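Paired with chain B in one complex and with chain C in the other, chain A is shared by the two complexes that follow.
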Partner chain A sequence: MTDFDYQQLDDIIHSRIRLAIMALLASLETAEFTYIREKIGATDGNLSVHLKKLEEAEYITVTKTFVDRKPVTIYTLNKKGRKAFELYVERLEQLLKQSNRFGVEEKK
Partner chain B sequence: MIPSQSDIQSSAPNPADELAFIRKVMQDSRRTAVDNGMNYIFWGVWASLGAIASYISSVYQWKIGLYLWGGVISVGWVISWLIVRRGRQKAGTTSLANNVLGAVWMGCGIAMSLIGFVGSMTVLGTGITGVLSIITGTGFYISGLVYGSLWLRYYAAIGWWLGGVLMFCFPGRHVILMLAAEMLLFQLVPGVILYRRWKSEQSEA
Partner chain C sequence: MTDFDYQQLDDIIHSRIRLAIMALLASLETAEFTYIREKIGATDGNLSVHLKKLEEAEYITVTKTFVDRKPVTIYTLNKKGRKAFELYVERLEQLLKQSNRFGVEEKK
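And then the complex of A and B:
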């Protein structure tokens, strides 16, 4: 094998925008839609599509509430999502080690 | 903003870049989730005013100490809760660090309220201010760890602890003025510094 085996990586997380959402939520308890949008720098429509994908995969939990009579959508990374994110990071680290090993062997 | 739009939209070339990207997002979001110090500023001003009023009432023997502190503490709790609520709404996020800080100060606040009211009516008497000072120092010591701030741990915490020791060693009516001075030096000043740090992090984000 000369290349990275990306099939080992979770397809749902393996998109830069969804990865950014997962990383953001992994470091926080909860985050509102507007907060994520500001931090990620995505458009409303684009962000909604990616959040929906994560919600369908049951990686994030959505809570709709009202703050000062304004509707607010709050996202939380749930247990399944956290586990998937940790596994994704673990796989990346394994791939990195693998690539370093190949690099050393090729030099030899 | 955490990653740039081009960062997000580009495909990941290798695992090292992916890991660096994850680390950057997580570090930046943690950094922007710190407290704005408003509650420290509020309590620094509010409780020092309460302490000065309490000193004046004891000089003139008005015997309103318990009512005065009852008002200061209960109004303080309400305003403090409003500050936290507003802060969270404005931030649009909650983090574990914020929850830990909230729990630390809630625990310290309940302990101090119980000691202040029940203690003053039972056995503690004039030793109360020293005990309150040492509890506040402990709150700052833990908070400093959560904020990742050495100066908060060692400047504010040690200031409160030393103040508490001095209050035990030199008891008397003046300890209430020492409490007011501690509130300004070790509560208000750290609050202002935390606020300025938060402001600059907000403008960077």
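And then the complex of A and C:
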């Protein structure tokens, strides 16, 4: 395996919307459905599908509760999810570091 | 748009295999088909499809030439591609930075 091997990147995390969800939850620990939707910029249906996928991978934990008698769904990045996210970011950084320090530097 | 808006990430680059190709080409300027295939760990068919997509987006330039009378295809990350890659990495970093410095730090 080289650092450029694309299969080293966790496919469950590496979708734009799921990556955004994971990054958001990593920063917050927990978040409510509507808050995630706003931050991510996703539609209800699309967000549901991807949250489900992350739940099935056991990266996030879903809790249904009531706030002011209204049903609220809370999503938490759990231990397995955090570990997976850290590994993903580590490998992503490794991949990008190969490309001339993120390719930002101009050739002199 | 928030930093977590997933649509800020260039969809053409953000596929595991195309990201690996872009990172590899950003580090090398040019590379031959078989070299990319080995580094990325892709099959011929799969690699062709994704190189085609990057070529159609005008991110890479394809040159057919001969080496020792054998046909060789060379791929180059062009100016537009490099710019797109830099923007992509910048936004990706922004997204990940939000998540508690890449989520690596443990809560004390």
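The criterion applied here is as follows: the second predicted complex is superposed on the first by the 96 of 108 C-alpha atoms of A that agree within 3 Å, B and C clash if a C-alpha of one lies under 4 Å from a C-alpha of the other, contacts with A are read in each partner's own complex, and residues count from 1 in each chain.
Criterion: contacts are C-beta pairs under 8 Å (C-beta built on N, C-alpha and C of every residue); 3 or more make two chains touch, one makes a residue touch a chain.
Given the structure is predicted, the values throughout are model-derived calculations rather than measurements.
Please work out whether A:L96 is in contact with chain B alone, chain C alone, both, or neither, and reply first, second, both or neither.
both
Name the contact category of A:A23: first (chain B only), second (chain C only), both, or neither.
both
Which partner does A:T65 reach: the first (chain B), the second (chain C), both, or neither?
It touches nothing on chain B or chain C.
Return first, second, both or neither, reflecting whether A:R82 touches chain B, chain C, both chains, or no partner chain.
A:R82: touches chain C, not chain B.
If you stack the two complexes on chain A, which partner ends up touching A:T34: first (chain B), second (chain C), both, or neither?
first
Contacts for A:D11 in the overlay, against chain B (first) and chain C (second): which applies, first, second, both or neither?
Touch partner of A:D11: chain C, not chain B.
Look at the residues of chain A and decide whether chain B or chain C touches more of them.
The larger set of chain A residues in touch belongs to C.
Is there a shared patch on chain A that both chain B and chain C touch, and which residues make it up?
Overlap of chain B and chain C footprints on chain A: residues 4, 14, 16-17, 19-20, 23-24, 26-27, 38-42, 89, 92-93, 95-96, 99.
What part of chain C is in contact with chain A in the complex they form?
1-2, 4-7, 9, 11, 14, 16-17, 19-20, 22-24, 26-27, 38-42, 82, 85-86, 89-90, 92-93, 95-96, 98-100, 102-104
Spell out the residues on chain A that touch chain B in their complex, using ranges where they run on.
Result: residues 4, 14, 16-17, 19-20, 23-24, 26-32, 34-35, 38-42, 67-68, 89, 92-93, 95-96, 99 of chain A touch chain B.
Spell out the residues on chain B that touch chain A in their complex, using ranges where they run on.
Interface residues on the chain B side: 1-5, 7-12, 14-16, 18-19, 21-22, 25-30, 32-33, 89, 91-96, 98-99, 205.
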